[in-house]
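Some structures to go through are shown next.
Below are two complexes that have chain A in common, paired first with chain B and then with chain C.
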Partner chain A sequence: MTKEIQKQEVIVTGFGGQGIVLAGKILGMAAALGDHKESTLVQSYGPESRGGACCAQVIISNRIIQYPYVKTADALICMSQSAYEKYKDQLKPEGYLITDRDLVTPDGCREFFDIPATRMAEELGRKMMANIIMLGFVTAITALVSKAAAQEAVQSSVPKGTEEMNLKAFTKGFEYGVSKLKGKEKKATGQIGVTS
Partner chain B sequence: MENYKIILFLCNWGPHAAYQGLQDNGYQIPSEIKMVSIPCTGRISKAILFKAFEMGADGVAIVGCCSGACRYGSGTDTAENNTIDTRSILELLGMGQERMRLATFLPDESTALKDFLADFCQQIKMLGKSPVSPVQPTSQDMPPETVQQVLTRHDAYSCQDCGKCTASCPLALSGKSYSPRTLVNSIIQGNGNREQIYKDLQACLTCGICFERCPSDVNFPEFVRDMRGVLFQADGMESGRQPHGGFFQSLMRTMTSPALKTSRWDWLPDDIRLDDQSPILFFGGCAPYFDVFFRRHQKVQTRDIIADSLRLLNFFDVQPRLLPSERCCGHDLLWSGDRVNFMRLAKLNVEMIQDLGVKTVITACPECYQTLSTQYVLQGLSPAFTVTHLYDFLEKEIDKGAVNFKQLDRKITYQDACRLNRMENVRELPRKLVRRLSVKNFSEMKDAGQSALCCGNCAWTGCDAHSKALQVKRIRQAKETGSDLMVTSCPKCQIHLRCAMEDPFLGEELKMEMVDLTTLIAKTIYYD
Partner chain C sequence: MKSHVLTGEHFINGDEACAEGAIAAGCKFFGGYPITPATEVAEQISIRLPQVGGTFIQMEDEIAAMTSILGAAWTGVKSMTATSGPGFSLMMETVGLAVVTETPCVVVNVQRAGPSTGLPTQGAQADMMQARWGSHGDYEIIALAPSSPQEMFDLTITAFNLSETYRTPVFIMSDEIVGHMSEKVIIPEARKIKTVSRPRPTGRKDRFLPYKPGPNGVAPMPAIGDGYNVHVTGLTHDEKGYPVMSVETQKEMMARLLGKIRNNLDDIILTEEHRLEDADIVVVSYGVSARTAYTAVEEARQMGIKMGLLRLITVWPFPEEKIRSLAKRVKGFITVEINMGQICREVQRFAGLTPTYLAGHPGGAIIPPEDVLKIAKEALA
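Let's look at the complex of A and B:
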């Protein structure tokens, strides 16, 4: 992807059981295998692993990564309110805050990108695919990994037989992201409706 | 020079005396002027005025008595309105409104009349010959079908005489002594009263309810359409029986002239962004003509649907191109039995679209959609482009998310368009879009979806008291839902249902606001 980006630190966080770690793993795999960069993954379940905050720390870099823990995050992906509260201060001022719209209400002091990933997953008939939808969304919004690499990584990480469904979920999230960016652009020009 | 044709409709009263005065004094009326003596200018409808152009007239003048001097009171005022409308139609067709003029003269104004005639001839010659060439049968036209061929193609012989069609036909249900079953059978037996068969073929709405019910799968609407073709081709056009004097059929036949360069886009608002290199073409349809025709009567604004469709495409970052010389898709000619002229239109449209290298055609009109996407192929053409309904495009884009709908404090119901609903099986899609809107309530009418009642007319054929009764029933169904807004998807539904709402006896009872789904989406959608 873009040459200037040297190192990107990402926190993916939410409840246990939301597939947070898998999302982090796919992100790292996409960067390493598809985009030929370096990446690391540190997962923390902690004592809260069942239902409490769960967190995956991913680092993507052009060079070898010496230290795998996130110091300040370039992107914070939150799928629960408590996880958001816990990690929000680690996000760089210019970093991306990405949330599940129905599960997280940010405190409003910074710009953020939200998607009703869990609701969309329910509409697709599989609540547990919310993480993959989120991943598609993140791929569209940020320049962390390329679309092709992410799709590849999704395909090779999900259980056999569910690839197609997961790719569909990924595409949903991705398209939502593209549409969201378009909406931001329109808002910047002051025209959000058809005529005004 | 000699072959210019200018029709002069001349009122028998005041101006005729002036005209005679000219002749008495030995004045040679210019040879290009063909005079038709009429009882009153008010009796010359838009259909008659326009018929002259369809038949290849280069200019038409209608000459009557000064307003106030009309023998029948309001003749001149009516003529004035008809002239304004006809001129606007000529303008949309790209023929130039100057080809038609209205003038009034007192009996003693011979000199003024002479000057007028000379001036009009001069003007027409400056404009040149009309681009419309009257339709002549050619060897390339399809040979007329026989009754037998139509019966066989639609397998009408398999009719079991069960009467399910008649039992479900909304015309029969509104009290008309009309029976599709009897019609099929009297055609099969070949001994029916010809006059009655004609009338019945004219009456059918081709709405398709009966086809849904028929156990033998007789496609009655298409059967009627093709029978119309057979009989009308054998006995000449039946324009006198068509509603509005056959004006619309006449208009659509005019568009078969290849030399015609229509200008139906001049009115488009400035905010719409187009790209004349785009691989996507938006096909608008004839709404602008309808608006002109019904300008004073029902104040329809169906062309707004075209503008709003384009705005919605723009909203989703599609800048389509338009067909500069777009013509009617041919739906009404096909369904009123004029297959020959339908084919001429269809071929012209396909050629023009393909010449632009267009891959995708998007349209919002149910009739254009059905005709372009299905009928062109069924009638033997092979267009090299795909046809998408705007709703399909919108549903896909909206489904991607990140857009929302402004709250609308209305209770709505939805009127199915027969061409989308029963012919293309598109009934869930518009409902999906309707459900996305933020309205107070959405409720279905008693007859909805597959069994929905139509708007009471199709292809400007067979409008009568019974189809009116059907429309009244439909509007009452809409009101019974408790809704205060009827959402439609076809410009014609708006026109025909609005017409029923003008009923002077039922008055306010039938008034209900209508809005097209496309417009409703365009008015409320926004990026979240």
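Let's look at the complex of A and C:
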């Protein structure tokens, strides 16, 4: 019996300079090296080093991946409004929409998970770490990669000397995600009467 | 001694894997000029070469980069450069010099869409004919096309081995997508990696003939400074390496240059076959497009279309016998490549009366499998 194909397709997108490709790389690395799955990361970016549209596409599977681009996404992670507008239609109806709350206003057609990742990174004193906070959040919300694999991948991908700071950022995002999930659960079971 | 090879599992991109392949192959010199999307090859190897006692030089341009790796090769080391289309064009004159002086070296072209400056950050496979015929004169060349970061590692080693065996420049014809794609790359233990070094001369130094071929048609190559007489010229030369302006010498030299490749095709040509046994229609592809082709084969089979894949790992010399023999039993060939029909023409040359089709693209994006399926359905209708 051949194993059933379990394939997850992810788009991480935003502006050049936000660490979009690094976020995609950490996700792919966590899946490949930590969780021992197959994974592929492709990227697209403009000629500008900062400010242009940027997109990382990650496919995670239990089988060898041939075609490396995302057809329909199981998760769409947006860190800019223009990126959201460009890719929102590629997300599966049951897929996860995950956004930076201060940078993206979704059109309200579907449920989504948001985190003020950039603001939280600024509070930590490093705006650059918004991508790592976002990764922690994504790890908590989705089952794309295991927490241990993601942490390990963060540690080996960030500049030397910044590992601890980045892991702290990851944990912040992760914890935010866990409490967000709890909130949704409570809401779903009618334990709280307020709408968020 | 500590191994220079980074044995283990890595999640790296194709460009970085290429640099690691070069290190594992024993490359000790890289002369280059940065260009998107090949810059990461230079970036990685500029860090790695000093660690292994090698030399990295950023030259003033690609003409100098190509020339520098020839000079390095003649000092006895394995050398490489990496570039993309615009740089590849500038290197072409010196590629001819490498061919005629039988200088082993590896040239990586991470292809982007052209002509000219084109789409710097987007992939293509439109330099395939330039790789074959870009320098003037008649010659044979070896070009390999990796489909994944793992193959960027593996085939860089193969490229060095072929270039050392046959004393010829070898091209690695990658593309932006494979170059910038990250995947798991497994680097074996150093002792499990097969590396080849050029045959070196032995015997009397005063009687040495630098262009007198050995049994496989290739002459042993001394390094400058070994004490053997070395004369390196782009002019037509005899076995001594001295210029001789005669038709007879030209004939002999050309026979040797072409023969050392043409008489060793079985050793040089690498292909992969997938579900060809009962195929009605064969997809011919290479590099990143082979991944589209592979997916198309799987989807076609689910629809009941008997499609198979012939993946060209070696694109030059072209596996013409393979096409000829397949042409006798299949109903058609579809070549999948990110250009407007380059390798497709080669397939056509050897397909005889069997119809050939192109699933091409003007550049900047991968070809979707649906394009291949559409052509297959029309071909078999």
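Criterion: the second predicted complex is superposed on the first by the 184 of 196 C-alpha atoms of A that agree within 3 Å, B and C clash if a C-alpha of one lies under 4 Å from a C-alpha of the other, contacts with A are read in each partner's own complex, and residues count from 1 in each chain.
By definition in this document, contacts are C-beta pairs under 8 Å (C-beta built on N, C-alpha and C of every residue); 3 or more make two chains touch, one makes a residue touch a chain.
None of the values given here were measured: they were computed from a predicted structure.
Visitor: Looking at A:P68 after the superposition, I want to know if it touches chain B, chain C, both of them or none. Which is it: first, second, both, neither?
Guide: A:P68 sits against chain C, while chain B stays out of touch.
Visitor: Pick one for A:I115: touches chain B only (first), chain C only (second), both, or neither.
Guide: first
Visitor: Let me test your reading of the model: by the given contact rule, A:T40 touches which partner, first (chain B), second (chain C), both or neither?
Guide: second
Visitor: Check whether A:A32 is in contact with chain B, with chain C, with both or with neither, and answer first, second, both or neither.
Guide: Touch status of A:A32: second partner only.
Visitor: Which partner does A:K187 reach: the first (chain B), the second (chain C), both, or neither?
Guide: After superposition on chain A, A:K187 lies in contact with chain B alone.
Visitor: Just to be sure I read the superposition right, which of the two partners does A:S179 touch: chain B = first, chain C = second, or both, or neither?
Guide: After superposing on A, A:S179 lies in contact with chain B but is clear of chain C.
Visitor: Once the complexes are superposed, what residues of chain A are shared between the chain B interface and the chain C interface?
Guide: none
Visitor: Could you please specify the touching residues of chain A with respect to chain C in the complex?
Guide: Within the complex, chain A touches chain C at residues 25, 28-29, 32-33, 38-47, 65-69, 153.
Visitor: Touching chain B in the complex: which residues of chain A?
Guide: Residue list for chain A touching chain B: 115-116, 120, 172, 175-176, 178-180, 182-184, 186-187, 192-195.
Visitor: How about chain C: which of its residues touch chain A in the complex?
Guide: Those residues of chain C that touch chain A are 9-11, 13, 36, 120-122, 177, 180-184, 288, 291-292, 294-295, 298, 366, 368-369.
Visitor: In their shared complex, at which residues does chain B touch chain A?
Guide: Touching chain A: residues 271, 308, 311-312, 314-315, 317, 397, 400-403, 406, 522-523, 525-528 of chain B.
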